[in-house]
């Protein structure tokens, strides 16, 4: 039991549970299965993007371009679907486009060694421009019904978006914690020099991470397009990077890299989604929503920090 | 003896000249833009237009000053836009509820500084990660703005107040004079005083500064208070110039500011950078926007051009 | 040193090359086509038409009307705005265009108060100023061009939802922004109208999407879940109604609510709600064509710069007859149903 | 003793050129299985370049490397490791965010099962076995950032051992180890040697070389000076080979020293809430502190300097003072030279000038503005006083040699004109020539009336420099040795005895 509390995810899990209880007490509708399903559906886009963001943050980087990548992919997929292409084929093409965007980031970051924040700040602008250019500034909308599969369809009784997010989270959770590739991500984030000496290729690993991040974002984009039903390239996904980064960091990851888990991130995403849903449900004044969200965020960060410093205090040989 | 080191020596001795290069590259870039735009638009190189550009960059310029300090010291402040909004509506709210305009101005500055102090407290004193904390305050303070205004812009200020953002002294807009003056003061502070030394040292090796008996917490705290205060100053000029305190004031400005600072050659990981560079970075962004506007280039292409500029201009910042 | 100089050169070339390219490819500027019209005298005129932001499809639709007018009237029009609905950047841009010595500007202000100084500045340079889509009544603008006044629209929305839900029950308002004046004015008018005429209709809350479609969609989902007895959703901006319809349709498909239990009213862009009108999720909506607003704006500016004026009931080509009420020009609204949705070209 | 005739490794005429400079010039080096071959030389002599070539980090520009009489190309560290060449770097190359076991086995095929999953239980078990084989008891599941320095070193050694290394390069392996662990490490080294592993032992520490090495090779200025059997050389000879000239006695003469009043009295001063110490320091005295890692010597220094908070006051010149932060300490004339100059001592990207005046900027400012002139004068003064070798005071500290860097840190604290100077590990990572100079400086300072607390894990240094030595063990001062009383055995015994036995 004591070990559970030492885990890095402990505070965020605990905090999520407490908040869950508070919302349940305030609003009777919160605990309804429908609503819980709703929360899960709503977090799928941010959730999928946060998986890639977690890996990027594990490297000590940050990706500001995810919102723009989402816009590019959603626009492309939407236009393909409207051009009569099978939604699944369109989604696959979308993933290729996402991978190309990721590769573009990865190229500048891993090969040309330009810091992540600078590269992605630039590509945030560039991809957004490309997305609008592709769309011609018009709404991409009126998708055929078959495209609804990605938002309303079910796989063995589970809504598709939730199934996709769960698959992504479990898959990458496994990769990160159990495979050589995943441990490389942690190792490089923990100590880049040591990783090089141990013969790991930082470039290759980083490049792969950005490609996977691009692909995960494109899956999110497909769900987004199907859920929302109409895409406006200039605003689709704009600002989502902050929500995603906040979710990953609230989930216990460190901006300096090397620290963070899929479990923590999933809870971070869940927490963010719960706040958004809960604040509407508790019928709080609309003007209070942002302030309360920010306050809860800071509270979560404080709790994380307290736990981290307590862990450090128990460091071996504190008498030196 | 020390053959290898000497070799490294000769390579690294060029460090100072690299620094000069950064500035000269920026100057050449700015000059290139000026020449290009003046060939493209007859209205570009007019006194009126140049004044315009300078007035337009005051908001970004004012906030870029402390941002340079914050980034050099190895941190980051994403909440400046929200602080600007908060100070702006505080000013409007206080004046609307009967407070003297100048008292309101002072109190708005205090609110800005206090918001910065909140960041500083969490980041400097409690060692929380700057990006995380300021994303949190970004959301929270913007929320506060909406609570105060309920979304309605607050306008109708006395004429004397409009002088700040719209008045001129000897033909030069007052806000531009203030920005230049603050840039100069900040330049002297960072170049010639111990505050500047501490800021650079903090960005390079915080531990060593602490072990030198310097109150690291205080220095870092001050950079964030300064950041809040300057966002407050920017807010005053914003309200005065636009005659209105709107809830969305300053939304998203942090990216513009950080872009300007980075283009100015300040190193994203701290320890290196200069205010001259930041000033040039601000001017480059302002000139680019203005020139492209005059040419009637759509903002969509403008953002793409800005993106490419960042990628190319800042790519020298290898890790 | 030599190397870095080359680097700067390369950088400059790249950036300026891009600028040049984008200028050529920039679809925003319609060069005057004086040779086709033969109206050579007016070719030197140029107008700056400034929406709230660039990118949203609503404005893209408006841009079509603006360009059409530019072509028809043989004037140069520049259609541009910041990429976000940022008041400060918008004003900077207006100022830049005044430097360019345009003859008239048409602005959809993000902050109606903040544009006052730049408008009086324009006037002092003999530049004609009108507002469109969103008004700034306390400024020196000559005319406001809208489909209807915000108050009228708010009341129209209110009447429409009250009608659909049978005059009593809970409704929720969905807006694009909590701080945009044209949104809040409509909300205030609608609330007042309901209080006065349909006291049994209760407005439970107002939610904002910040112009983000996903947020609008999630807002609608959360509203449906929060208020089990909700009877109506009112969308005050283009992205709200389709998002509401999408959420309602999903809830119906999932069996959470009955078909037709939640009605949707408000403003809609026809192409966005086409399928929902056709499948019955939406019965009727208020709409207007932003391209008509754009066209009328350019047309009005052209008249003003020629020293003429608009008149009540005058016919504008491609738009129809307009209503002029003091300094307000109205192009009128349409009620959108599944029967006429196909007739709208936007 | 296990000794084979054929060399496992032959390096012939190894030359390494960096653009414009020769770092190594035709060095020959032979290594036999089952021998400990010490590699010595001052900083910059080429030791690390040679070892980096051997471990595949650098590639030589001329010469060849034969492994078991076959020529090999070592183009990256992985190749070297696969050929059985492992290196333990002086600076830890650990992943602080990963567990001890993962650090040992990171990125290794052996611990990955057929399905591609990491076999955690096998990895942990093997890691445990490896660390136990070196006599260490570590929770291998714990993240390295929560482990102490000595455990981290053990992990480094275990990592190298896990490769079944035939050639093991140890770069200053004892630098971070406490004395009792050094003995354990020697046992491991001997064990490895008996198993036929060839060990290259890079060290500055003479006494270690003579204890453990079979052969010793000295490098100077990128070339080889000599290779000798350890039995056929002496300490003096090695030193003169390394510096190229005779150096006098490392330690100054201590006979004519007199002390008067005490300047610092520490009574019942908290090290932790459980441990209190009392001692006093007299004017002009060099008071040595010896303790193993974790004994509390470092905490004591940080407490007196106000970097760590705690209870208890100190008495300075008869006045009782509460020190809450470094500012308070500096006001009382206390200065503290920290043990790790890279992390704690220097802002390495800044110039000498900026580093030296960092603690006294307030004093040399007129109002807010720094008096550049005064700053330059102070710099000139101390560069000369400490004979820091640099072309200018604007030189970036990064570019100085270790000895000169350490002198800059020392100068930085001398500019504060302290009465009491606490020095921790003042000669760590500094070559012999610079060491002698620093010792001379310390002695001069004490003769001019400066009271010095010298905390060190290097026993010869303490014995050679101190007027008195206090030994700390588990947060308590357990014994005091007057000048001439202490020797290495006694110090180590007091420092490593369990407290229970001490309380008689």
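In this document, chain identifiers A, B, C and D correspond to the written order of the chains, with residue numbering beginning at 1 in each.
Just so it is clear, a contact is a pair of C-beta atoms (placed from the backbone, for glycine too) under 8 Å apart; a residue touches a chain by one contact, two chains touch by 3 or more.
Computed from a predicted structure; not experimentally measured.
Asker: Please name the chain that ends up farthest from chain D once chain centres are defined by their CA atoms averaged.
Answerer: Relative to chain D, the chain with the farthest C-alpha centre is C.
Asker: Tally the contacting C-beta pairs at the B-C interface and at the B-D interface, and name the larger one.
Answerer: B-C
Asker: Centroid from C-alpha atoms only, then distance chain A to chain C, rounded to Å. What do you get?
Answerer: 32
Asker: Report the inter-chain centroid distance for chain A and chain D in whole angstrom, where each centroid is the mean of the CA atoms.
Answerer: Using C-alpha averages as centres, the distance is 44 Å.
Asker: By the touch rule stated above, which residues of chain B touch at least two different other chains?
Answerer: 146, 150-151, 300-301, 303-304, 308-309
Asker: For chain C, what residues touch not just one other chain but two or more?
Answerer: Residue numbers touching two or more other chains: 54-55, 83, 178.
Asker: Using the touch rule from the top of the page, what residues of chain D touch 2 or more other chains?
Answerer: As it turns out, chain D has no residue touching two or more other chains.
Asker: Name the touching chain pairs, please: which are they?
Answerer: A-B, A-C, A-D, B-C, B-D
Asker: Per the contact definition, I'd like the list of chain A residues that touch chain C in the complex.
Answerer: Within the complex, chain A contacts chain C at residues 27, 29, 32, 34-35, 38, 41-42, 45, 128, 132, 136-139, 141-142, 151-152, 224, 227-239, 276-277, 280-281, 283, 286-287.
Asker: Where on chain D does chain A make contact in their complex?
Answerer: Touching chain A from chain D are residues 57, 76-78, 81, 89, 93-98, 102, 106-107, 112, 116-118, 142, 145-151, 271-272, 275, 293-299, 474-475.
Asker: Please give the residue numbers of chain A that touch chain D in the complex, ascending.
Answerer: 178-180, 183-184, 186-187, 189-191, 193-195, 197-200, 258-259, 311-312, 314-320
Asker: So in the complex, which bits of chain A are touching chain B?
Answerer: Where chain A meets chain B, its residues are 62, 108, 112-115, 117-119, 121-126, 128-130, 132-133, 137, 234, 242, 245-246, 249-250, 254-256, 287-295, 297-298, 301-302, 305, 309.
Asker: Please give the residue numbers of chain B that touch chain A in the complex, ascending.
Answerer: 122, 126-129, 131-133, 135-144, 146-147, 150-151, 255, 258-259, 262, 268-269, 300-301, 303-304, 306-311, 314-315, 317-319
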